[in-house]
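Per-chain residue numbering starts at 1, and chain names A, B, C, D, E, F, G and H are given in the order in which the chains are listed.
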Amino acid sequence: MIIYIAGVLIIAGLFFFLVGSIGMIRLPDFYSRLHSAGIIDTMGLLLSMSGLALLILNEFNLGNFLSAIKIILIIVFIFLTSPTATHAIVDAGIRAGLKPWEKKQ
Amino acid sequence: MKILGTITILLCGGLLIFFTSDFPDFGDPKSPASIHLSPYFIEHTLEDTAVPNIVTSVLADYRSYDTMFETTVILTAGLACFLLLRIPTKEVTRRYYLHEPTGVTLRFDGDRYPKGSNVFKRIDSNWVPYDIIINFTCRLLIHFIQIFALYVVAHGHYSPGGGFQGGVVIGASIILFAISSNLRASIKRLGEKAAAIFTATGVFIYAGTGALCMVIGEHFLNYSFLAPLLGTDRIMARSHGIFIVEIGVAVAVMAVMIWIYYNLSSAGKQDEGL
Amino acid sequence: MKTRQRMITFCFTFSFLFLFWVVFSGKFDLFHISLGVISCLLVSWITSDLLIVTHDVAKFSRLFIGFTLYIPWLLWQIVLSTIHMFPIIFSPDIHNKINPKIIKIKSRIRDHVGIVTFANSITLTPGTITVVANMYGDMVVHAIDDECAEALPGDMGEKVAKLFAE
Amino acid sequence: MILPIDLIVLLLVIISAFAAITVKDLLSASLMLGAYSFLLCLLWTVMGAVDVAFTEATVGAGVSTVFCVAAIFHTTRRTKD
Amino acid sequence: MDNLIFYSAIVLSMLMAIPLYRAVVGPTVLDRFMGVNSIGTETTVLLIMIGFMYKRVDMFIDIALAYALLNFIAVLAASRYFHKRKGLTEEME
Amino acid sequence: MSIETVLSIKPVLAVLVSLLAIPGIISSRSQNIREAWTFAAAGIKLLLVVSMLPIILDGKTINYTLVQVFPDVGISFRVDALGMLFALVASSLWIVTSLYSVGYMRSLDEHSQTRYFAFFAVAISATIGVAFSANLLTLYLFYEILSLATYPLVTHHQDKEARSSGRKYLLYILGGSIGLALPAMLITYHFTGTLDFAPHGVMAGHINSGLAMLLSMMFLFGFAKVGIMPMHSWLPAAMVAPTPVSALLHAVAVVKVGAFSVVRVMTGIIGTGVLADFNINGIICAIASITIVVASLIALSQDELKRRLAFSTIGQLSYIILGVALLSKSGMTGGILHIAMHAFGKITLFFCAGAIFCATGIKYISKMKGIGRRMPITMTAFLIGSLSVIGFPPCGGFISKWHLVLGTIESGSLIFLIVLLLSSFLNAAYFFPVFYNAFFCSADEVLFEDRVEEAPLWCVVPLVITASISILLFFYPQPFLNLASLAVQTIMGV
Amino acid sequence: MTFFDGDSSLISNLPAIVVTLPLFASLIAGFLGWKNRKAPYPIAAVALFLTFISSVVLMIQVMSTGVAIEYRMAGWAAPVGIVYVIDHLSALVILLITSIAFVNFIANKSNIDTVFRNKAGAFNSLYLLFTAGLLGMTATGDAFNLYVLMEIASLSGYALIGLGSNRAPLSTLNYLFLGTIGATFYLLGVGYIYIATGSLNMADIASIMPKILDSSMILFAFIICMVGLLIKMAIFPLHGWLPNAYSESANVAAGLIAPLTTKVTIYIMIRICLTLFTPQYTFDYLNTSDLMVWLAIGTIIFGSLSALAQKDYKRMLTYIIIAEVGYMVGGFFLGNRIGVSGAILHIVNDAAMTLALFMAAGIFMWKTGEESQESLKGMFAKMPFTMAGFTVAALSVVGVPPTCGFFSKWYLISGGIAAGQYFFVAALIFSSLVNAILFFRIFEIAHFEPFKDHHHHSSNHSNKGEEASAHDTHEQTIKEAPLGMLIPFMAVSILLVVLGLYSGQIVNNIINFAIPSSIL
Amino acid sequence: MDIVSLIAAKANYWTYVILLMVGLYAMVAKNNLVKKIVGMVIFQTAVILFYVSIGYKKGGTLPIIMHGHDHGHGVESVIKAADYINPLPHVLMLTAIVVGVATLGVALALAIKVYQEYGTLEEDEIRKQIELKG
C-alpha cells in the first residue's frame, strides 16, 4: 500500500518538475520564470521527496526511519533556502535594473 | 592562438580517442585495475583497520601519507593566497559609518573615525541595506550546517564523508556567514590569525600523529603503535588514528577555506569585501 | 540575568542541535554519543548567539506550536497556487494570461522572524515573490497576475501576524 | 541498470562544460562552473563514487564557485570570449 | 518498484536538461542563477533516487543533505555581486 | 726502451707555486711587497723545475696523478724531456719578464698593476701546467686556463681597441679549443679509451685514415694559439697588450703553448707512425710552409714594430710545426729546439720594442730613424735578437735552424728546404730595415732630440740578459739540445 | 630488500625525517610567524641545516650499504602502502636539494627581510614546503604520491615566484596554467598505467611491465607522462612559461626555484623511465632515443640563440636554463651508460651552476638595482671577489675545465659520440660557444666600461682623499657585497671547481650504482 | 539495449576526452584569464572522470562494507572483492579534487593581482600595455 502511495507521489513530483520546467521555458521574462522555478522547488521537491521517504519506510527499522527523517529534513532545508535564494536573485535583478516584462496594452 | 588551440586539441583528442579503443569496457570487473591491488583493500579493511568505509581506510591509513600531503597542499594554497594577495592596510583613508539611531551614513576621512562608539556602525563603502530575509535564514542555517559538518567528520568511518568534506562544509558555513552579514563580522569571529593558526594546527595534528607513531614505534603514521596511548588493541588503534587525522584534516581544511575566502573576497585588504 | 539568558540560549541551542545530531548519526554507542555531545557543545559555544532570537521560553514554545499549525496550511496554499499556475503555463496564449506587476504591501508584523516567515511564505507560494522586505513590515512583491496580487497580504498575512502578534 | 542515467548525465556535463567556456560573461561562466560541478557530483554518485561525489558537492557548491565570484567581484565580469 | 525509480530517475535526469537550457542560454545572468538553483534542487532528488538504485539510500542522503544546505551559497554569493556592483552586463566602477 | 718513472709531487708544486702567490699579490699593500711575492714565486718555481732537470736528463720521467676524473683519465702530471725543455724556458723567462714588467709598468705608471701581476702568475702557472701535463685532458685544462688568464692581460688598457682585440683573441682561441680541440679530444677518447700521452701515440690501430686526418686537422687548428694560417689573426691583434705581456705571452707562453700542444698531440696522441702511415705529415708540412712564407711576406709590409714582430712570430711558430712534422730525427730536434731558441730571441726583440716605447713612446719603424744612437744598448740587443730569429750565427737561433735544414734534407723533401731558406731570407729582409734605420742614417735624418735616453734600468737589464743568453746558447746549447734529443729519442724510439 | 625490522632508531626513520622535517618546520614557522616576525627565519634555517645533515647521513648510509633503502609509510608494504625508496640516485638528488635550499636561504637573509617584510613568516613556510615537496618527489616510490608532492612544490613555487616584480603575477599565472597541464598530464599517465597494471607502486609496475610491453595503454601512458614532464621541465616547444616566470621573480625565490625545479623534473623523468617503465621499455622496445634527442637538440639550439638575444641578465640565465634542460634530456635519451651518467652528473652540476649565477644576480641586484647587462659596468673593479665567483660560474656554464660544467659536458659529448648522435654533439659544442659569447659579452661590459654609480652616489667619494695612497689613483674603490651574501656565493663557486675535480668519484661511487646494469 | 551498452562501454572515456579537450582548448586559446582558469578546472575534473570510470565495476556496490558497523569483530559474512567498486581511484581523486581547489584558489589570487596591475583580464590588452611600457 505504502509503495503505491509512494509511487504516486513520486510520479506527481515528476509531473510538477515537468510543469515547472515548461514554465521556465515558456514564460516571457525573468521574473515570471522565477515563479515557475518556484514550482520545482516547492511542489516537485515536496512530493517526490515525500514519496521517496515513504518508500524507505516500506521496510521499517530504526536506520530507515532516521533516513526518512533526514529526507524530510532535506525538504525543510530546501524550503528554507529556496525562497531565500529566490529573494536574493530577485533583489539582484531589481538592483541590476532589470525591468519586469509588462503586458502591452 | 585560436588556430593553435584547435590544432592542439584535435591532435590530442584524436590521440586520446584512438587509445581508448584498447580500454577494458566501462565497468568491467575483470580489468587489471580491479583485480590487482584493490581486492586487498576491500577484503582486508575490516581486519586491518575496522573501518567499513574502504575509501576512508585507504585514504587515511593505507595511503595516509598521500593524504597528509593533500592537507599540506591545502595549507600551501592558503599560504600562497596570503603571500600573494595580503596587503596589510593599517590606514584606511576613507571609512563609512552608519549612525544607527537615525540611519544616516557618514563619511570620515583620515583617522578621524569614531573609535569604540556604540551608535556608529562601520559599513562598507558600497553598502547594501541590511537584508533581513537573507540574514535571518543564514543565521538559522549555519548551525545546522556546522552540526552536519561535524557529523560528517565523525562518521567518515561508516558513511561517505570524512575530514575533508566536513572541513569544507564548516568552512562554507563561515563563508555563508560572511556573505550574509559582512566580511568584518566574520573576521571578528574568526580572524585571519586564527585561521592561519588553525591551518597549521590541523596539519600539525596530522603530521604530529605520524611523528608520534614514529617516535613510539616504527614507521611514520603507523597508527597501530598508538595502541598503548589510546588503550585499545592495534586494530582499533588504527581506527582511532584515522579519526584523529581526520580531525586534523577537517581543522586545516576549514581554516584554509576561510582564509582563502577572506583574501580573495577582499583582495587582500581583509577590511571590506563581497 | 544576562548570564542566565545566555545559559538558556545555550541550553536551547544545545538540545536542539543534539536532536539533530541523533537524527543524523543513528548510532547510540558511547563513543558516538560523546562525539555528538562534544560537537554540539562546540557549535553552540561558537554560535549560540546566532540561532535563538528570543530568551522567553514560553514565547518560544508558543511559536513552536504555532508553526506546526501554520506549516500544513502553508503547504496547502502552495498546492493551491501551484494549481493556479497550471493554466497559465499551459495556455497557448501565455502572454495574455499573465500580467506581471510589482506591488507594495503593508503588513502589521514587526517581528523579524515574523517578517522573514511571511516573506518566505510569499515566495514559496508560486505566483508571488518577495522582492524587498524591511523591518517595518513594508514589502515589495512581484506577482504574476492580478489574482495573485490581490490575494496579498490576505489570509497569510493575518496568520503570520497572529503567530507573532503578541 | 545505471547506465542510461550515466549517459544522460554525461551529455549534460558536456553541455555545461561547453557553456562554461563559451559564455561571454565571467559571472555566468563561474555559475556554469557551479552547474557543471553539480552534474559531475551526480555523475560520481551514478558511478558509485560517493566519497568523491561528496567532496565534489561540498567543494563545487560551497567553495569553488564562491571563490570564483569573489575573484570576479574584485576584477571584472567583462570578457571578449 | 525498482523500475519505477529507475524510469523516474531517467525522466528526472532528462528534465534537468531544461533548467540547464535556461542556465546555458540565459538570456540574462539572473536566468542562469535560476537555472543553476533548479538544477541543484533536482540533483538532490536524483541523488536519493540513485541511492535507491544502489539499495543503499543511507549513504546517499548525506550527500543530498549537504547539497540542500550548500546549494544556495553559490547563488547567494553571486547575487551579492549585484548587491554591491550594479549593472547587469556592463561594469560600472 | 722502458722509461723509468719517479713519483713526485714536484710538478704539482711547480704549477701551484705561482698560484699560491696570488693571495699574497692581491693582499699586498705596497708595490714592493707585491713584486717581492712575484719574484719569490718565480724563483721557487725555477728552482723546482731545475731540481727536476737531472732526473729527466737521466732518462727518467716524473709522474703524479692529482685526481681521477674519468675512467683511465685524470688530472695528472708527467715531466718528460719535451715538457722539461718547455718548462725550463718558461720558468726562466718568467723571472726576466717580471723584472722587465716592473720597470715597464712603473715607468709608464700603468693602472691596475695588482691585477696585472696576479693574472701574470696564473698565466705562468698554466704554462707550466701545460708543459707538465700527462694527458690531453690536463693539457686542455691548463690550455683553457691560460687562454682566460691572458684575456685581462691582453685587454689591460681597457680601451676600445683592447676591447675589439680581446674579442678577437677569445673568439679564435676559445672557439678553436671548444669548437675543434674538445670534440677532437672526445673522439679520440671514444676510439682509443685513453688520453695519456704515449711515446708513440695512442691512435695506431684504432682509427682509419680519414678520421686520423680529420682529428689531426682539428687539433692543429683547434689549438689556435699556434697561429697556423687561417687561425692566426688574433696574434697581431693581441699586440695591443702592454709589451711585457706581448713579450712573455706572445713570445713564450701563449704561442709556445700552442706549438707545444700541437707537438705533444702529434707525437703523443696521434703518433708519428700514424702521421707517416696516412701521409698526414706532408699536409701539415705544407700548411706550415704556407704559413711561414705568407706570414713573412705580411711582416715585410708592417710598419708598426710590434705587429711586424707578431707576424714574424707566426712564421717562426710554423717552423716548429714544420720541423716536427718532417718526422726526421734532426728536423724534430730542430723543431723542439726552436721552441727554446726562438723564445729567447723573440723575447729580446719584444723587450726592445717595449723599451723603445717606454723611452720615446714610438711604435712605428719609420719613425725610429737614428734611435740606435740614443739607445745603443737596446738596439744592440735588438740586433742580437733579430740575428737569432733569422738564424744567423753566433746566435741560438742558428742551431735550431741548422737542425731544421738538416731535417729537411734527411727526410728528402727539398721543397721545404727551399721554404726554409726563402723564409730566412725574408726574415732578414724584414728585420734589416729596423736595424738600418736605427743606426745608419744621416745625422739630419735623426728624429730624436738629445734628451732621449735609454729606458729605465729595470727595462734594460732584462733585455741585456736575454740577448746574452741568446748568444750563450749558440755556444752552450747543451741543456736544451740534450733535452730535445732525449725527447726525440723517446718519440722516434731510436 | 632490507627492512629495518624492529629497529626504531632515528637513523632507520631518516627517509621520513628528511621530508617531514621541513614540513614540521614550516608549520612551526607558520605558528610563530604571527607572534614574532623575527622568529621564523632561524627556525627555518636550522631546519634546513638539519635536513641537510640528515641527507648527508642518508647518502652515507646508502653508499655504505650499497642497497636501496625502502621505507614503508604507515607500515604497509610496497604495493598496498606508499614506500619511500632511497637509492644512490635519489640520495644524490636529495643531497643536492637540501644543500641548495640551505645555501640559498642563508645567502638571502637580508633579501628576505627587505622584500617580504611582514610576510616573511609565510615566505619561510612556503620555502620550506617547496623544499619538502621536492624532497618528497625525489624520495617517493609511488607514482601517485609523486603527483601530490609535485603539486606542493608547484603551488609553493607559484607563490614564491608570483611575488616578484609587477609583471610577475601574469607570468606566474601562465606558469600555473602550463604547470597544471603538465601535472595533470602526468596524472593521466598514471591513470593509464593504473588501468593497465592495477598498481601504483613503481617497483611493482616495473615487475608487471614485461608482460604488457605491447599494450597500447602503456605506450600512451609513456607518451602522456613524458609530455607532462616535458612541459614542466620547459623543453623547447613547451618552454614558454619559464623565461618570464623566472626572470620576473624575486631573487631569493629564483635562486631556489631556478636551480631546482627543472632539474628535479628531469630527475623524475629519469626515475620514471628507469624505475617505472624500465629501461628495456624506454630504450629497447620503444626506441625513443632519436625523437627525444632531436627534441633536446632543438631545445639546446633554441635556448642558446634566444639567450643571445636577451639584454637582461636574468632573462639570459633563464634561456641558458632551457638550453641546459636540452643537455640533460638529450644525454639521458642517448641511452648508453656514459650519456646517462653525464645527464645525472649534469643535474648536480647545473643546479650548482645555476644557483651560483642566480646568487650573483642577487648580488648585482643588490648593488645596482637593475637587471640589464649594461648595469654591470665596471663590476670587476668594484667587486672583484664577486666577479671572480661569477667568472667561475660562467666558465662552468661555458664548460671550461676544471669547473664542473666541463666534466659533465665531457660525459654528454662522449655519450653522444658513442651513440652516434653527432648532431647532439654538434649542438652541445655550439651551445658552449654561444655561452662563451654570452658571458664574455658580460665580462666585456664589466671589464671595460667604467663603473657608474647608481644609487650610492657621491656619499662616499668626498671623504676618501689621501686614503688611496697605497693604491694607484686610477683604481676604483672596492665595495663588495655584505659578507652574508658573499661568503655563501664564494663557497658555491669554489664548490663548482671541487665538484669538477671530484666528478670522477661521484660518477664511480654514486652514479654508477644509480644506473641499472641493463644500460650498457 | 544493445546499442546503449555498446555506446556505454566507452562513452565515459570519450566524454573524458571531450572534457579534457574543452579544458585544454580554453587554457590554450582563450584570451581571458578567468576563462582560462575555468578551463583549468574543467581540465582537472576530466581526469577525475577518467579515474572514477576506471574504478567503476558493473554489479558492484559502494566501497563501504555492508553490515560492517560492528567494528569489524565477528563478521561472519565473507567480503568478496567483486561486490564492491574499486575504492583506490576514489581515494586518488579525493586528493586530486583537493589539489584542484588549491590550484583554483592560487590562480584566482594571481588573477586578482594581474587585474590590480593592468586593470584588465584580457591577455592581448595586457600584452599591449606591456609593450607600451617598454
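Going forward, a contact is a pair of C-beta atoms (placed from the backbone, for glycine too) under 8 Å apart; a residue touches a chain by one contact, two chains touch by 3 or more.
Please read all numbers here as calculations on a predicted model, not as lab measurements.
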Chain whose Cα centroid lies at the greatest distance from that of chain B: F
Pair exhibiting more inter-chain C-beta contacts, D-H or E-H: D-H
Central chain (by mean CA position): G
Farthest chain (mean CA position) relative to chain D: F
Centre-to-centre distance between chain F and chain B (centres being mean Cα positions), rounded to whole Å: 74
Computed distance of Cα centres, chain H from chain G, in Å: 30
Inter-chain centre distance, chain B versus chain H - centres from mean C-alpha coordinates, in Å: 18
Approximate Å spacing (C-alpha centroids) for the pair chain A, chain B: 30
Residues within chain H bordering two or more other chains: 8, 11-12, 18, 20, 24-25, 30-31, 53-57, 60-64, 66, 69, 88-92, 94-95, 98-99, 101-103, 105-106, 108-113
Residues of chain D engaged with two or more neighbouring chains: 4, 30, 48, 50-51, 53-55, 58-59, 61-63, 66-67, 69-74, 76, 78
Contacts with two or more other chains, residues of chain C listed in rising order: 20, 24, 26-27, 119-120, 130, 133
Residue ranges of chain E in contact with chain D within the complex: 6, 9-10, 13-14, 16-17, 20, 23-24, 26, 29, 32-33, 35-36, 39-40, 43, 46-47, 50-51, 53-54, 59-60, 62-63, 66-67, 70-71, 73-74, 77-78, 80-81, 84-85, 89-91
Chain A partner contacts - residues on chain B that touch it in the complex: 131, 133-134, 137-138, 140-141, 144
In the complex with chain B, residue positions of chain E that touch it: 58-59, 62-63, 65-66, 69-70, 73, 76-77, 80-81, 83-85
Chain C-facing residues of chain B, complex: 129, 132-133, 136-137, 139-140, 142-144, 146-148, 150-151, 154-155, 158, 177, 189
Complex interface listing, chain G residues touching chain B: 6-8, 13, 16, 20, 23-24, 27-28, 30-31, 34, 71-76, 79-82, 116, 118-119, 122-123, 125-126, 129, 132-133, 136, 142, 144-145, 148-149, 151-152, 155-156, 158-160, 162-163, 169, 192, 194-200, 208, 215-217, 219-220, 223
